[in-house]
Amino acid sequence: MNLLLLILIPLVTAVGVLLAAKQQAKWIAFGGAAIQLITSFVLLAAFYAQRTAGNTTQFLFEQQYNWFPSLNISFHLGVDGISVAMILLTAFVVIAGVLVSWKVDKMTKEFFFLLILLSLGAYGFFISLDLFILFFFLEIAVIPKYLLIGIWGSGKKQYAANKLALLLMFGSALVLVGMMGTYFGSGAHTFDLPALAKLNMPVEVQKICFPLLFAGFGIFTALFPFHTWVPDGHSAAPTAGSMFLAGISMKLGGYGCLRVAMYLMPEGAKEYANIIIILATIAILYGAFATMMQQDFKYINAYSSVSHCGFVLLGLGMLTKTAITGAVMQMVSHGVMTALFFAIIGMIYERTHTRQVNEMGGLLKVTPFISTALFIVGLCSLGLPGLSGFVAEMTVFVGSWQNADAFHRIATIAACMSIVVTAVYILRAIGKVAMGPLKAGYETITDATWNERLATIILISGILAIGLAPFWLNDLVRPGAEIIMQKMSASH
Amino acid sequence: MNEFFTLMKSELVVTIILFLLLFIKIGKGMSNERLLVFIQVLLLINFIAGFVANEEGSLFGGLYYTGEMIVLQKNILNLGVLLISLLFADWFIKSSHLPEFFILMLSSLLGMFFLLSSGNLLMFYLSLELASIPVAAMANFDLQKRTSSEAAMKMILTSAFSSGILLFGISLVYGATGTISFEALPALLSAAPLQVMAFIFLFAAFAFKLSIVPFHLWTADVYQGSPTATTAFLSVISKGAFAFVFVTVLYKVFQPLHSVWYNLIMLLSIVTMIVGNLFALRQQNIKRFLAFSSIAQVGFILVGISSNTAEGTASVVYFILIYIFSNLAAFGVVGLIASQANRESINDYRGLYQTNKFLSWMIALALFSLAGIPPTAGFFGKLFLIKAGASQANYFYIIIAAVNLVVSLYYYLKIIRAIFMEPNEQPIAAIRVSFSVKLGLVICAAGIILTGLIGWIYDYIQLLG
Amino acid sequence: MTGSTIIFYLLALLTLVSAVLAVTSRQIFRAAIYLLFTLIGIAGFYFWMQYDFIAAVQIIVYVGGITVLIIFSIFLTQQAGELLPKQKIGRQVFAAAAVFCSFALVMLQMINHHFTVTADQSTTPTIAAIGEKMLATTEDGYALPFEVVSILLLAAMIGCIVIAMRPEDTLPNEQDLQQK
Amino acid sequence: MITPGLYHILFISTALFFIGMYGFFARKNLITMLMSIELILNSVNLNFIAFNKYLWPGRLDGVFFTIFIIAIAAAEAAVAIAIIINLYRSHKSIDVEQTEEMKY
Amino acid sequence: MSNALQIALIPLLPLAAFVILGLFGNKYVNRSAGIIATFLLASSAALAFYTAYQYFFEYGKVEGVYQKVTAFKYTWLQFSDQLSIDIGALIDPITAMMLVVVTFISLLVHIYSLAYLKGEKRFATYYAFLGLFTFSMLGLVLSSNIFQMYIFWELVGVSSFLLIGFYYDKPSAVAACKKAFIVTRFADLGFLIGILVLSFYAGTLDFNTLIERLTSLQSAEFKMATAASFMGISALTWGLVLVFIGGAGKSAMFPLHIWLPDAMEGPTPVSALIHAATMVVAGVFLVARLFPVFQISPIAMDVVAYTGIISALIAAVIACTQTDIKRVLAYSTMSQIGFMMFALGVSKTGGEAGLGFTASMFHLFTHAMFKALLFLGAGAVIHYVHSNEMKDMGGLRKYLPITHITFLIACLAISGIPPFAGFFSKEEILLAAYHHYPVIFYTALITSGLTAFYMFRLYFSIFWNKQTQVHSEHSAPHDSEKHGEGGLAMMLPLIVLAMASCLAGFIHFGNFVTADGKPLTTALHLLFSVAPVVLALAGIGIATWLFLRQNDSPVKYSNKLGNLYKAAHQKFYIDELYGFITQKIIFNLVGRPAAWFDKNIVDGLVNETGNGTTTLAEKIKAFQSGKVQQYAIYFLGGVMGLTVLFIYLWK
């Protein structure tokens, strides 16, 4: 399995989209996304094959090309289970995102070009084993978002786009500084992740760089109090934009926190774990409570994303193998789930032309498919067993509980409480939108079209694949978490 | 004699071109179109010549020295001038003083070459003047425009003022050490107060040329008022040349004062970034905007310079190379629009994408590169500057630089927003892009994309440094 | 108190007083004349230090060239005898204060600095020696700077011509102000 | 009175330098500002000659520097005057306060 | 062994029904959906009966003790080396019994619904949901792993949610299903944390291991769990109480019962299945499942017992005042579950002391029969009258004869009149409480009297009392043969259940279901039975006096009771209290401030940073004044400032 494929396919697709005629752009994008999805499955299969064959190297399919040799920067690629999970997630979200954007006809080519470019950034990010290219891909993924929101968005789109771009760039600026600190502070003068991981970085360097890196990546994953780009950004974005934003982009942060900050700097992680936990717990509860008060459907899901991503950070902050596994599973789960959620909100919006939940009602009658999907995704969001959310959240909880002191306990209990609040707001939203008497004016709206159905089915199958059979994801992720924990316990 | 020709190759070629133009001017035998093509060909030859037979050595008893790095730097400037000749073809063809403009530009370029090769303070001063006085004249080339005269006036007066300060500093250096030779100076310099003061006088002159805050105030006015071609030359070529020299002088000559200049650069670079950004935030005129953005860029260059290592030199040279592509592409588009549609306000750029897709993409690419967004080369340039700066392990400084990067993004995005997102009843009408301009823009775009992605370019530069 | 000392102080007086007058006089023509005196005073210092050649150059280029240029341009742009508009007093005071403080600071540094005096043999700069060096390409030769300056002068000349000789037909409304 | 030496000349040159500065700051007329510049350059020349004379008489660096400064000053003045004349033609004034169109 | 497959199929067949009908139902097989589902469930029920038979009579008993048999177990999600969610099947007496109850009632409900929901547009969806529910409930009772139970617990909750909200366009149904879900979710939070606590100390999630570790006084896990304490109460107790909160939520125990009456918005057969016979006893089942561990902690046991009795009493009192027949039944359910709960709470393990456990399970079993019967009967009535309100009913005995008889049997059973099923189980419960818990015993006694009263109030109000106007208006369509009592599909379940209500009491439960697996011989103490039966008869008597004929004495007496009546009628204002807490406190004091804070402070800070920068930029613009002389002054100032700085200040 050549990992370069994962970058080249989107690259070729992107160029193809640009060169194509306007009408063909979406087909090319769809084709590219489909091939990428297949490639991701091939990767998964190849990965399993290697693992079952007894290959226990941490990173598989490693490739390394010199890029800036004088600066010790190399194009170093490789995957472990966590990356594979993230790549799968991305592939799912991308194809669904392309499908729900079928009707975009304002600057179609540019739209799909940016979508694919964004996915390129994400794929590259997940397979990078060199901090420099990791950062490179991270930043590639930012500006397309800005344009997607600013050009194709709705509402306060320019404001939201600006806020998003600036906050994310602020985050990446922190990452940048942390990266530099790592480069020089480690004494190794390299950006190579495995090489850096082998060293034990001086504790004082870790104490400086860890917060920078963690906070930097944390901003991407809605770390309180830097989450404010999330609601505005998501709600202003076009449907596919929101899906990518919540489904992929926020995961970049979580992945970065784990892969870079915690993996390289276990001492730093220990030092700041409590702060992370506090912030994550605040985000979880506060996001949930803030969601309760929202009227705009997209805001509801956006704030709930803040809350859900809090679980990612909480799991990371708990520093147990189970919790970290849970955090990664939560990333994947939330990615698929929230992408579907936004897709459905988009579909509903296209039909009702409103996003205020109060103005909708009884849609189950006229759009059974969409509404059923809404039920499924809602239930997934509130952590119903059998759907992905449950598995991830429970893993985080169980993992968190393994810390036996009062502080962690209280944080865990507080976080657990959010499942009730989540139930409140999700049911409220579903109740208002799908149930109740059908509001006047919506009698004639039609159910999902084929592309929307396909997108929904793809994402639901993702949710079910995790929810019904979590063991494969768990098996994929656990070894990665284990290595981090080993490093953590080795350093004293 | 042979050595003389190889070592001074760059200067000689430029001088020859300069005199050729002079003869043509006297002869007056060509239309502007043909003349421009001729000039472009000459400049292309000049650029190509920069690649052959490069040697290291010194002439005139040390007044002149050259090496591969210096030739590279000169050739980067050559490339910039070549691009200017392509990008501003529209304006050149309309101009009634085409050969004169190029004579002045090339003499300024020649001054920069000598500046890069200068081996003592006298040569340094003379070539500095040679590099700047013609530019003041070039600033006045929009003869009918009030702002053009104003710009030229501001330029020549402030520049003379700064030379006064520079000279005073040089005289003190001379008084304190008894030598003006770069080779002898480092051994004689110390951190005695008078020498520190003399150094600061000298530094201020550099700061003036590089538009470092608080010596930057002329920049915006001059950029705005001058013809766009001059502005481009000033903001790219001239700035690049001074940055190169600045690095050399600081690293080689003033190494004994490192502890002073490191703090000085750190302080001024922070101030420069902040002030540049703050002013850029609120500009309405796009040239003025680019002026402040280039001030902020200088702040970043200073970050790289502060490193005091070979990597610092390499990153500065690399950044300038990228900066030439990016900023020239931006000025190219701005100049084209200014000359054809006569619009310079950012508000006029609203909705540009609807009518001018190619130009919009070009300027967007340029702005992204200036903002340091991957995959454009600006990303690599900025990153390597910051990386070089970070080698001093001064995290506070690096954080400020990184945060300023974000602020700068805000205003670059403002233009992107205007072009792509904001509606406009009457967007700028479709603009005819001549072949020459198109070629220039495409070269710039290719440079913006490829310079970063092709890793060995940086490596090559680092190798020379 | 030798004669040379007296001459020195006289020169100093002449130079500084006329310099101050040059920058304060409200009659621009007079200011130019005071500038001329200052320049002559400086030339006097050169003589006083026995650098005759420099003094000569100073007089030829400055007094004979630049000052004349300035006076010429004053004729072009200013009605003779017209008083310059008054600068705001606040600005004047502020500028004076700033300049004085700076002066004090710089002087302080100079006085505090111990300049090393070399026991080198004083070379008399004869015109021949200067000329020879000016064209030498060896060490201590100034051929290259000479060439650089020549190109600069050429460029400056071309620049001046372009700028100053602008086509008149482009400025129909300003024809009454055309150069005499 | 003391026998004049290096410091005396330095005093004079520095004073000239700052007088020139004052002129540059306080005068409103562009030509007078240009004259101030000339004062500044002259003060520097004086500096060079003095240093050459009193401290480093073995070589003629200062002298040559001065010569070249004079040459440059001439060129600079010529260009400046050309610009000022041109400015006068479009602004009908050479008051520096008339040339503040571009700001902020 | 093939046993595993057989057991696995019991829940999987309903799941198959769900999947098939859920995906294709409405479009392709809407009409035959009921038949398909019923058939699948019948197979499942058959398997369940067979399994129970095998367990009780073939392999379950080893040396006179019923064993806990793990039929199969697969690791589903590995949390850590020790903790994992295993999906498996654990068979023991209570599971076997529950399998029978669930499949049996579910089957009858399936059959009943064939007629009851005929013509409904979302017929297939309905059966799909029923399938999902049955699957979840079966999965729950089969759970071999506490987390597995939680999973199915939640699934049960959601299927209940779906079924309650089946009439999704009725706002009251939407509100009710939301309420049911959220209240039980709140309780599940306790369950979840309880699981976390228990599993942390036990180091396992597996029921068998967990019980084993936490009950053997020597094990390290046990010592740790009892040693760790929070607020003076051991971690073990905390864990159990928290788990019990979950059970209390599902079982609608006070104060988490508020959702149950509202849940009656769902179709009536659903109420029979979920809110009478199966789901609501999940809490009891949970406590029974963990009974050995609960046993260790007297505090937890007391909590269970007192929660049970308080709920029983309060529900009975409220039931006396309700006018919606389904609500009366709902409160009665709550009251009866309270009985089961406190029976567990007063029980011990082993011999006579374990009577409470057996009694509780016995009551669970009999209650399932007669309460399902009551609900289905009520369904028939509602089907006929098209109203839930007592005032719309009366004198229906002539029109609905079979319903009338079966309903009467059920009322007698629940009132504890011998020889109906309720009598036996209730006697055992009272007996269990008698010795050590006098307070509970007397309260229970009163409650059982009240039970008889309100049941017969209900009975008389429906079938005797007045001749309603409403009925005659509607008589025309209802008189038709077809629509009378709903045909065989509706009658059959009623008759079957009536028979069960009559006969179930004679099963010798102690032989099969006991706390320790060993058989328990329970004798009928005739003398002891006198008091409850007399009380019940008294209750019936009063009801007869008040409600047999239409008169104004009920109003008179209720007015005399004044505030007490009013309070009971208003369900003791608990709903209002909850409303206050959620609306006023959570929404206004937490949610709104959080949203406000986010919008104004967090977001405001970000925006202010932007605005501040712009303002600053505007403020410093004066530096760029366009005046060349000022530029020069700044230049000089800069030079001099730096000189001073670097010569004197910053060396």
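Read from first to last, the chains carry the letters A, B, C, D and E; within each, the first residue is number 1.
Following the convention adopted for this analysis, a contact is a pair of C-beta atoms (placed from the backbone, for glycine too) under 8 Å apart; a residue touches a chain by one contact, two chains touch by 3 or more.
Worth saying up front: this structure is predicted, and the values here are computed from it rather than measured.
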Required minimum of steps from chain B to chain C, each step between chains that touch: 1
Chain located farthest away, centre of chain A as origin (C-alpha): C
Most remote chain, CA-based centroid, reference being chain B: E
Per-chain CA centroid nearest to the all-protein CA mean: A
Chain pair, A-B or B-D, that carries the greater number of C-beta contacts: B-D
CA centroid of chain C to CA centroid of chain D, Å: 5
Inter-centroid spacing, chain E versus chain D (mean Cα positions, whole Å): 96
Whole-Å gap separating chain A and chain C, where each centre is the average of the chain's CA atoms: 70
Whole-Å gap between the CA centroids of chain A and chain E: 36
Per-residue overlap in chain B, given as positions that touch at least 2 other chains: 122, 126, 129, 133, 136-137, 140, 143-144, 152-154, 157, 161, 172, 175, 178, 193, 197, 220-221, 282, 410
Chain E, residues touching no fewer than two other chains: 610, 621, 624, 626, 628, 632-633, 636-637, 643, 647
Overlap residues in chain D, where contacts from two or more other chains coincide: 17, 20-21, 24-26, 33-34, 55-56, 64, 68, 72, 75-76, 79, 82-84, 86, 90, 99, 101-104
Pairs of chains found to touch, sorted by chain label: A-B, A-E, B-C, B-D, B-E, C-D, C-E, D-E
Chain A residues touching chain B - in the complex, by the definition given at the top: 66-71, 73, 132, 135-137, 139-140, 142-143, 146-147, 150-151, 157-158, 161-162, 165-166, 169-170, 173-174, 176-177, 180-181, 183-185, 208, 212
Chain C residues touching chain B - in the complex, by the definition given at the top: 106, 109-110, 112-113, 115-116, 118, 137-145, 148-149, 151-152, 154-156, 158-163, 166-167, 170-171
Residues of chain A defined as touching chain E within the complex: 163, 166-167, 224-225, 227-228, 231-232, 286, 289-290, 292-294, 303, 320-322, 362, 364-365, 368, 379, 382-386, 390-391, 394-395, 397-399, 401-402, 404, 412-413, 416-417, 419-420, 423-424, 427-428, 431, 434-438, 469-471, 474-475, 478
Residue ranges of chain E in contact with chain C within the complex: 633, 636-637, 640, 643-644, 647
Chain E contact footprint on chain C (complex, rising order): 94-95, 98-99, 101-102, 105, 109
